[in-house]
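Across the two complexes that follow, chain A remains constant while its partner is chain B and subsequently chain C.
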Partner chain A sequence: MKSNKIYSYWLLLPALLIYALLFLYPTVVSFFFGFTRWTLTEWEWIGFENFRMFFEEPSLMIGFKNTFIFAFLTAGLKVVVGIFLAVILTSKLKTKRFVRSTIFFPVLVSTIAVGITFSVLMHPSEGLINVVLGMIGIDGPDWLGNPNLAIYSVALVDVWKGLGIATVILIAGMMSIPNDYYEAIQIDGGNKWNAFVHITLPLSRPAINTVVMLALIGGLRTFDLVWAMTGGGPGFSSDLIASIIYKQYQAGFYGLSTAGNVLLFLIVAIIVYPIFRFLNRKEVDL
Partner chain B sequence: MSQTHSMTQSNQVNSKEKQKKNAIQLIIEIFAVIVCSIFFLVPFYFIIVNAMKNSADAAQLSIAWPTEFRIWENIVEVIQARDYMLLTAFFNSTVITVVSIVILIFVGSMAAFVLHRRVSKLSKTLSGLFLAGLMIPPAVVPTIWVLEQFGIFKSFTGIILVEAAIQIPFTILLYTGFIAAIPKEIDEAAIIDGTGGLQLFTKIIFPMLKPVHSTVIILNAVTIFNDFVHPLYFFPGSENATVQLTLYNFMSMFNTDWNLLFANVLLITIPPFILFLFFSEKIVSGMAAGAVKG
Partner chain C sequence: MKLFSRKALIAIFAALLLLLLAACGSGDSDSDSNETSGDSEDPITLSFLIDNQTVTDGLEAVAEDIEEKFNIQTEFELRPGGTEGDNIVKTRLATDEMTDIMWYNSGSLFQALNPEEHFLDLSGEAFMDRVTDDFKEAVTVGEGVYGVPGESTFAGGWMYNVKVYEELGLEVPTTWDELLANNDKIKEAGKVPVIASFKDTWTSQVILLGDYYNVHSVDPEFADKFTNNEAKFASTPIALAGFEKLQDLQDHGHYNDEETATSYEDAIEMLATGEAAHYPMLTTTLQAINDRFPDQVNDIGFFGQPSDDPDNHGATIWIPATLAVNANSENADAAKQWLEYFVSEEGQETYMANMKAYGPYALHDVELPDDAYTAVKDMMEYQDAGKTAPALEFLSPLKGPNLEQITVEVGLGMVPPEEGADKYDRDVERQAKQLQIEGW
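So, the complex of A and B:
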């Protein structure tokens, strides 16, 4: 390619410099400092000690469980509810602009503001959610105060906030399906359910994959919502890996915190990459 | 033709059925609006109504109508709290957001231009490296360590460069999608005219990217303005407050002024709300497009 010369790497350099220095380089050195006891000025090599801590301390171990629950639950709900909404919002509904805008707006609101608001709405006795549940005779749970429930409550709020983006991506996917397919299935005598199962679902596969990937990546890395709603509590019951990284950093255990970062990196790589490959392979099979 | 004919025929035959269908349609419409309002508007109503109350009313945590309207007093009190911390925070957040977006526009569009147009192994590898940033969680303490080496930890320079570094992958993704749609013939014509690479980019390509520039500005503005985590880590210190951190001004273990807290929530939600009012189509299509191409 002779014309390559004109697309000089000099134009790429500023972006690469910023990105390499403040993103790639820290990521690379984390694989060293994760194995040390570290004060930012001095370090001492301690081998796998930090990682051993992560797997032995119950207060750290719980972060893994919660991170998986959080990521898979939010991804699953966003896809399922998102598909349902996208089907409705691609129909002839006259109010769809209103509905779509309302569902989408929380995407733009700060996570901390959403977290604080919902922690009030989820107050066990005075919170609006339990007050309403009480009116129809249901004794609402202590959403954030019950250690077995807290992480699920936070996950629900994450779905509430992120549903808009999932729905919008799925709508874009469904809108790109040519109408001919639907006409064909109608001629063959198929009903709406057939059309959904045989056309809408398989043909919006790329959009569904995108939503799954985005939700998983986001879910595995989440920190701010948990921090705003429960602070990882009660106890450590709703801590995620990302919130443990923060807590260890605050406590001055920089090596341990960095080991958490390394683990999070590995988990994202181990979970997201195979799923990415798997989802894309399926697409080719179609 | 025959289809329309049969349709009018069935219309006459089934006008009653059609009425029934319309009724069902209407019920679905109303149902959709109500359900969606309950789930998605009530929380915002809750914020607004509590921002208007006095301290005692707000402590009830209810959606009842305020007994006394104090929205203006609350806002003034929020702004004055902690020696006008909210104003400092708005100033800081605005500086961080604006400067990092300016950097992202220039740096991101240039990089995307080269990454898309240049056909070589190296540029493919670099593309992969940039895309990886969409997945990899930033390493917290090592980033602080790097910032300290350069003496820019806790400084505007530091947080701005970190925000830029973190948003570069997504920005490049948006630009690449658009540059791919610009025909290469334009480049070739410029090359024949003897235009250099830098000129080709600044004079011809960059102005053509206007629609993406606005998408890049809006999406990054929302993300960076709403960012809580990175300022928390890389821009600590009380004089360094950003808007998201001001929410914690009114919360304490023993006594939270809920009316002030929600007035604060209201104030910091105004900028994204304005963006949403004017650019909702752009935001929605930008997010969907960026995501689908990823």
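So, the complex of A and C:
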């Protein structure tokens, strides 16, 4: 028994080594460099100066606002639309295999490629989206050029791209619900809607929680899609915390951008941990 | 017990295998470079890092010459331009993986690289006598001079379509109001007066940066005061004027529609085909226009960004990008030989045979050929009249990294010019603190 236990730790060792070397070590070190003026070769301890400067960043408030809008909007839409699709795709639909793969397909495409493709599709006059809208008489907006709209356009694309994963996780959750429960509710005279509200929803809670957590964390630290589609623009109107940090890094402010990353890490942790606790408490055991 | 140890062995073996794989990855490239530099019979191969937006026809032709004459091969490595490229350069310098020769902006961007540490001081070389003092200044740090000009000087201002001007009977404006009046007439004629290509955000800066002649000619001390934290854009009316002009054009409706969806490439086409009349841009664009619209390139003229005084109408000049030699290069001598040939009369002849200038050369005794672009001839008039000034980034080490986003904001009318200027001042402040410039 005892040797069995040790043996399992041995198997963990390679992964643990890689994890420590590539994730733990940089995380710890970044906490240190966040307090320095750093040129990659030399550093100088400057205390909380970087953090003060980071909070003075003029576009920071826009960044915070956009990050929260983006994270909660995409997480919400992915869950709601995902549940809807998962219910359809666990029913006795004939083409469900085909539809499943269609929905999953965007996950396989690189984010940057998705971003570039959609920025072409969303061109105000020549883009496919507005051309099609024009055919049915709607004057489409300037999806990415309108400062008030840009972040929402990007969020929609993110939902399109991330929906596949959410749906697959939810399908897995729903398939693991034993049929007995559905039989029971039928005997009690419940209809499809009752079955959905009282059985499917509560019992796929673990899957829903997973999707919420993944989407939320992913949303809070999103960067690549925004960068490929708007570069944070027009002006600073679609900047996220992560894109602000990246721009500081590009400018060669390595200490400052590291401080920003430390803050982002703390913010994500502070937001996600209570939600995680809250969601887990409500889980129902099967 | 025996079973356990065997499995443990397998686990360790697997871990070792992973390490081995990782080691192999970097080992390959090492053995490659050893092969080429180890054998003295083989030609020396110099690596050369350059951004992918610069046209390299001239450089490549010179490199071929050099291979024939000195048995030195050149391997061009491409990197992205703009801030992304800066990042790559900085990272490669910091990790000591820079190529033998490097192409980079001169001026404030170059000085931010800490040249004393990373590049070879060329001040003692005889061939540096051929380089103009204006250029040397832009690559000098302390006592050392760290580069030679890699291209011709260029100007930033207004590229205009001469045919449109002739068609509408317009004259080159010497004041900002005349320019606005021209724009109104162009708009009436159903053409786009001014192209805003804000999809490529860097292009939005030219109206502000190209206005620097107007600042410099009135207050030549501005650059020093700006560097020493004594002058700000927001509180200096002549400097603020650059931001105001950006907004002015938006207020008058002189930009094209869909500014943020219009790219640099789109803009070139609009200007060359006469769909639009003006494009505030750098004259380096001529090379790109020549590539895509060779028959139209001489329909494009140039004038400096006007201000209020018709007698003081000049142009803002950009110092050429520089070629610098990696201080830690194993082939430093060959790299120096490369530069020496490049700036020599012979080298420049090859260069000019393959590449047309977008402005005067930063080398002594190298004259512009008669078949220079129309716009370059326009630019030379300012040069010959002494009505030019370098852009601010060549007079001060400070250039805020967020300028291109701020100029887009002001250009689109999202924020007023005063607020944009104030934002930029704060952006500069952060950079000055990072660079630890005195007085901040």
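Simple rule for what comes next: the second predicted complex is superposed on the first by the 267 of 286 C-alpha atoms of A that agree within 3 Å, B and C clash if a C-alpha of one lies under 4 Å from a C-alpha of the other, contacts with A are read in each partner's own complex, and residues count from 1 in each chain.
Throughout what follows, a contact is a pair of C-beta atoms (placed from the backbone, for glycine too) under 8 Å apart; a residue touches a chain by one contact, two chains touch by 3 or more.
Just so it is clear, the structure is predicted and the values come from calculations on it, not from any experiment.
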Who does A:Leu11 touch here: chain B (first), chain C (second), both, or neither? both
A:Ile245 contacts which: chain B (first), chain C (second), both, neither? first
What is the contact status of A:Phe55 with respect to chain B (first) and chain C (second): first, second, both, or neither? neither
Chain A residues in contact: does chain B have more, or chain C? B
First (chain B), second (chain C), both or neither touched by A:His123: both
Output check: A:Phe23 vs chain B and chain C. Expected answer is one of first, second, both, neither. What do you get? first
Pick one for A:Gly235: touches chain B only (first), chain C only (second), both, or neither. second
Report for A:Phe223: first if it touches chain B alone, second if chain C alone, otherwise both or neither. first
Scan A:Leu40 for contacts with chain B and chain C and give back first, second, both or neither. both
Based on the A-chain superposition described above, do chain B and chain C contact any of the same residues on chain A, and if so which? 3, 6-7, 10-11, 14, 18, 40, 123, 249
In the complex formed with chain A, which residues of chain C make contact? 1, 4, 7-8, 11-12, 14-15, 18, 83-84, 86-87, 90-91, 94-95, 112, 114, 198, 201, 257-261, 401-402, 405-406, 408-409, 412, 414-415, 423, 426-427, 430-431, 433-434, 436
Chain B partner, complex, touching residues on chain A are 1, 3-12, 14-16, 18-19, 21-27, 29-30, 33, 38, 40, 88, 92-95, 98-114, 116-118, 120-121, 123, 126-128, 131, 160, 165, 168-169, 171-173, 206-207, 210-211, 213-214, 217, 220-221, 223-224, 228, 242, 245-246, 249, 254, 257-258, 261-262, 264-265, 268-269, 272
Using the touch definition from the top, list the residues of chain B that touch chain A in their complex. 25, 28-29, 32-33, 36-37, 39-44, 46-47, 60-63, 103, 106-108, 110-111, 113-115, 117-120, 122-123, 126, 129-130, 133-148, 161-162, 164-166, 168-169, 172, 187-188, 191, 196-198, 200-201, 222, 226, 228-229, 232-233, 243-244, 247, 251, 258, 261-262, 265, 268-269, 272-273, 275-276, 280, 283-285, 287-289, 291-292, 294
For the complex, give me every residue of chain A touching chain C. 3, 6-7, 10-11, 13-14, 17-18, 37, 39-41, 53, 56, 58-59, 123-125, 142, 144-145, 147, 231-237, 247-253, 256
